[in-house]
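Given below, in the form of structure tokens, are the structures.
In the two assemblies presented below, chain A is common to both, partnered first by chain B and then by chain C.
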Partner chain A sequence: MSREAIGGSAWTRRGLAAMGIFGLVFLTVPLVIVIPMSFSSARALTFPPPSLSLRWYETFFGDPRWMEAMWTSTFVAAISSVAALILGGLAAYGLRRGTFKGRDWAEGNFMAPLIVPTIIVAIALYLALAKVGLLGSLLGLVVAHTLLNVPLVMMVLGVAIREFDQRIEQVAWSLGASWGYTMRKVVLPNLAPSVFAAWIFAFIGSFDEVIVTSFIAGKYETVPKKMFNELVLEVNPTITAVATLLIAFTVLALAAVAFVLGRAGKLKETVV
Partner chain B sequence: MSDIRLEGVTKRYGTFAAADQVDLSVTQGEFVTILGPSGSGKTTLLSLIAGLNRPTSGRIFIGGRDVTNATAQERNIGLVFQSYALFPHMTVLENVLFPLGVRKIGGAEADRLARDALKLVRLDGLEARRPSQLSGGQQQRVALARAVVFKPDILLLDEPLGALDRKLREELQVELKQLQRTLGVTTLLVTHDQEEALSLSDRIMVLDKGRTQQVAAPAEAYLKPANRFVAEFLGIANFVDLPDGRNGVVRPERVRFTAEGQGRPARVVEAIYLGQMVRYHLALDGNQSVVAAVPFLGTAHAPGERVSVSWESADVWPVT
Partner chain C sequence: MTRTTRLDGFGFIAPLLVLMVVAFNAPIVYMLGLAFWEKGRGFTLEHYEGLAEAPVYLRVLGNTMRIALIATIANVVIGYPLAHWMRGLGRRGRMIAVALVVLPFWVSILVRTYAWIVVLGNGGLVNRALQWSGLTDAPVSFLYNELGVTIGMANVLLPFLVLPLFAAMIRIDDRLLQAAASLGAPPRTIFWKVYFPLTLPALAAGALLVFILCLGFYVTPAILGGGRVPMISNLLDTLINQIPRWEQASAISTLLLIVTLAIFAAYRRIDRKASA
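Up next, the complex of A and B:
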């Protein structure tokens, strides 16, 4: 294929490249600034840092309130991501394989938390959780995060299920395997990379969540909620250390997803 | 004794009938093909028999047992799809062991049965390969071995050779027929390929728009088609007027060239060389066209040439 065919004229291509680079810079500059700032020895947020130190990491790890927020975030993310994985996975399977009436409505309902503005979901959850007495409880937080992450799981697994030939399942049934046995021995082993990816996305989704959490968490502090509150109260370089840790965690998690999906992709290439 | 019996099987989607009052009786060890164009309902019928779908009305019997409401798991059917549908994460041997594992057959016996099945489809030595490391023909053989290893009551084949190239397809047709004879398993094949249907089956069921058009042995269906649809779907059909005003069908190989003045005058429109045969598209006087197929013996008529053709009245089968 000629290069013209891909991007039009030379000027169009250059313009597109410039816009792409600008976008990339715009997105990465905050990260590039935050990371060195977290290793700063200064008492306030200054850039560039006057000299390097680990004091803000020490402050973070030495502060029991930060550690408690970390624990809360991890706990909520761990439980809600697994719950979202199970519920979203079953929903995705039912929607992809089922032929029942009202399927599109059901799918729309499941996907709603992703489409409806988060603030509206937050208010709805606030009212709903208050009604059942779960407002400000850890369980309420887990329920809310599960609900928010189900659409993510459904998107990732929905694609994977659609790509997995249904006839393979039908053959397994005809060979005498029950639905559950087919699921465990045939479907899940083949969808494992996507299941892992969906779980990571759900985990990060919960760990990052701040809007809904601010509304419903009550006395519980999660890491992002505490970061926001700290910023409001005083500008403290500790949050740059937290931000750097979160960036590192996210990059590692996404790299793991890319690695697992990449390996699965290679596997698929040989199948076709 | 009939091994598969369909009684008035109907499957409706809204007002559309994918299968409409279909009756069929397949005897023990018989090889029957359901033949029809795409959208004729043949795959619907197969999925109803396999238990992947439920009929709107009618009854399905396998081995004398009413399985109309039985699940796919309860039917003891060997199923082979065009897409092979092998388990991609398992080796060839593990694929074939799968139905045995489900039936709690394990250890040395399962191993022996699986290896025997693989030997039957001439894949011994490839047990440790994964499906992705096999050719299409080999994958389909694995699917066959997996479908027969547990001695199913019946074998259902959904366009099993459709994804293979012509030469391989013909090879596998022979193997499939031999395998079916060796095992003596009652087999139902679904295809749109009339050649496959004619060459493999003891009987053919021609299906169109969800309705049975004819159930007959291949030669009978070919020479004595029940209606115009069957005549046209199975091979090439020349429709000619009969003295009584009805229509009749003559097959191309029954059309003969005759000496000038003895038959009906015609003009050669196209001569297609097919190796052992030449197929002529002829325009008869009076705006009628006829296809003739004659053995190729070194020379052929050229397009534009004037010829005379005729056929025996016994070779004309009346159709409606």
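Up next, the complex of A and C:
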């Protein structure tokens, strides 16, 4: 109905559709172009590729340094995403259900890594880690990734906990269930889809993190750090293969999230 | 029902609080300390005096502000019609459009930035199309200048504007617009007098958010600027990693932090109004 109220003439509507489609194309075309380019046989980045080959994938998988970077990225993402999930999940629960003073302040502090420019977090961590001698350590890297991904976890789980009827927990308590038992048997099963989504988001967030990692990782290479360093120096078509793999990984991860949330009927509130 | 089930809940946040204080708050305070402290002399503004005297810092600052502003405007110009068009789509169309906006949001910023090298390069899609259509003879250089950086940043940040704006637009009650129409207002008047003012808080909040994120941008200028378009973050990188001048880097970071938090405070005020 609103389309008729403010849509105006057919020309206005067509113009709007053209602008909307342009916006979507602007967002997605770069990603779509990278995929065929990764199968190019040529060294130069010409579109369309002159002929197809898998040579850039062979270069990627055959390079021990890329493989090591892949392993480091996976390791750091696995540990830091679980840490962010546990710490952020507990905190989101405490903030939504708790009554202690200073909740707004605490939440603001936990969400701050999202607002404070990442370059500042990177510099502050660089200076502090250099001071305590943990610059270039896996521990520093995992801790940094954890705190950067806490806000994502808290956003997803904060909404889910608010939507979950507190009286259900209170019934469990009043029937004598312990706190741990209530968590395990009542809260977690109900929040499971959102917990899964939060974990995937934290994993992607860590796997893709580049700025802080470039500053504090020292000799450790992650996939984004290596990619960034190579891109600043020269354009190497192997990157196109890496980029395509990352796109495929993101699409699969998001599809899994959409599937799990969709089945639980929670897709809409988490996405928009 | 007894009230004993109300919990204090501080224990739930304690582990995260410890981590944040040790690994986030303390490093930032330490950085502020470096910016304002001199060994043996205490509080000093010396590092800021150094900034004011060096024209290169001011130029980078001006550069950053200008690029951030242009990228924000480009975001509004592309994002507003997109969100508005999405609102008018059917259920299925909306879902597909939202998916197409959300997906790039989650793809690595490196991939999205790198993709522009492929699209905008001399042998890239855009230059091929321009030459094929006869608009230009020689390739237009989009890369390694401000234009490329601005395009890349606008692209990376567009979802930050479109998603909240779209969410605000679908909350607008259709009956409001119909009421205006039934009172005889033409579509143009309804749009500017009813619809647009209702979306303005979300638009302003989104634009401020995009602007904040632009100020701290690091990856896109480094790659698409090819070192020729320095922004604050790249300057900070140089001051930390190449010519170690940590105090100066701390001073600039502090400045950037203050500006960011000030704009964020404005964003919060507008955002509360937008979601109220």
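As a working rule, the second predicted complex is superposed on the first by the 250 of 272 C-alpha atoms of A that agree within 3 Å, B and C clash if a C-alpha of one lies under 4 Å from a C-alpha of the other, contacts with A are read in each partner's own complex, and residues count from 1 in each chain.
In this section, a residue touches a chain if its C-beta (ideal position, glycine included) is under 8 Å from a C-beta of that chain, and two chains touch if they have at least 3 such contacts.
The model shown is predicted, which means the values in this text are computed figures rather than measured ones.
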For this session: Give one of first, second, both or neither to describe whether A:190 is in contact with chain B, with chain C, with both, or with none.
Result: first
Exercise. Between chain B (first) and chain C (second), which does A:147 come into contact with in this model arrangement: first, second, both, or neither?
Worked result: second
For this session: Please indicate which partner A:174 is in contact with in the superposed arrangement: first for chain B, second for chain C, both, or neither.
Result: both
Exercise. Which partner does A:219 reach: the first (chain B), the second (chain C), both, or neither?
Worked result: neither
Exercise. Taking the superposition as given, does A:165 touch the first partner, chain B, the second, chain C, both, or neither?
Worked result: first
For this session: Classify the contacts of A:44 with the two partner chains as first (chain B alone), second (chain C alone), both, or neither.
Result: second
Exercise. So which one touches more of the residues on chain A, chain B or chain C?
Worked result: C
Exercise. Of all the chain A residues, which ones make contact with chain B and with chain C?
Worked result: 170, 173-174, 271
Exercise. How about chain A: which of its residues touch chain C in the complex?
Worked result: 1-9, 12, 16-17, 19-24, 26-31, 33-34, 37, 44-47, 87-88, 90-91, 93-95, 97-100, 106, 109-110, 112-113, 115-121, 123-129, 131, 143-144, 146-147, 150, 169-170, 173-174, 201, 204, 207-208, 210-211, 215, 224, 227-228, 231-232, 235, 239-240, 243, 246-247, 250-251, 253-254, 258, 271-272
Seminar exercise, completed: chain A contacts chain B in the complex at 165, 167-168, 170-178, 181, 185-186, 189-190, 267, 270-271
Problem set entry | chain B to chain A touching residues, read off their complex | 50-52, 71-73, 75-79, 81, 83, 85-89, 98-99, 102-103, 131-133, 143, 146-147, 150, 156
Exercise. Which of the residues in chain C come into contact with chain A in the complex?
Worked result: 1-2, 5-13, 15-17, 19-20, 23-28, 30-31, 34, 78-79, 81-82, 84-88, 97-104, 106-119, 121, 123-125, 128, 155, 158-159, 162-163, 166-167, 172, 174, 177-178, 180-181, 187-188, 190-191, 195, 212-213, 215-216, 218-219, 222-223, 227, 232-233, 236-237, 240-241, 246, 249-250, 253, 256-257, 260-261, 264
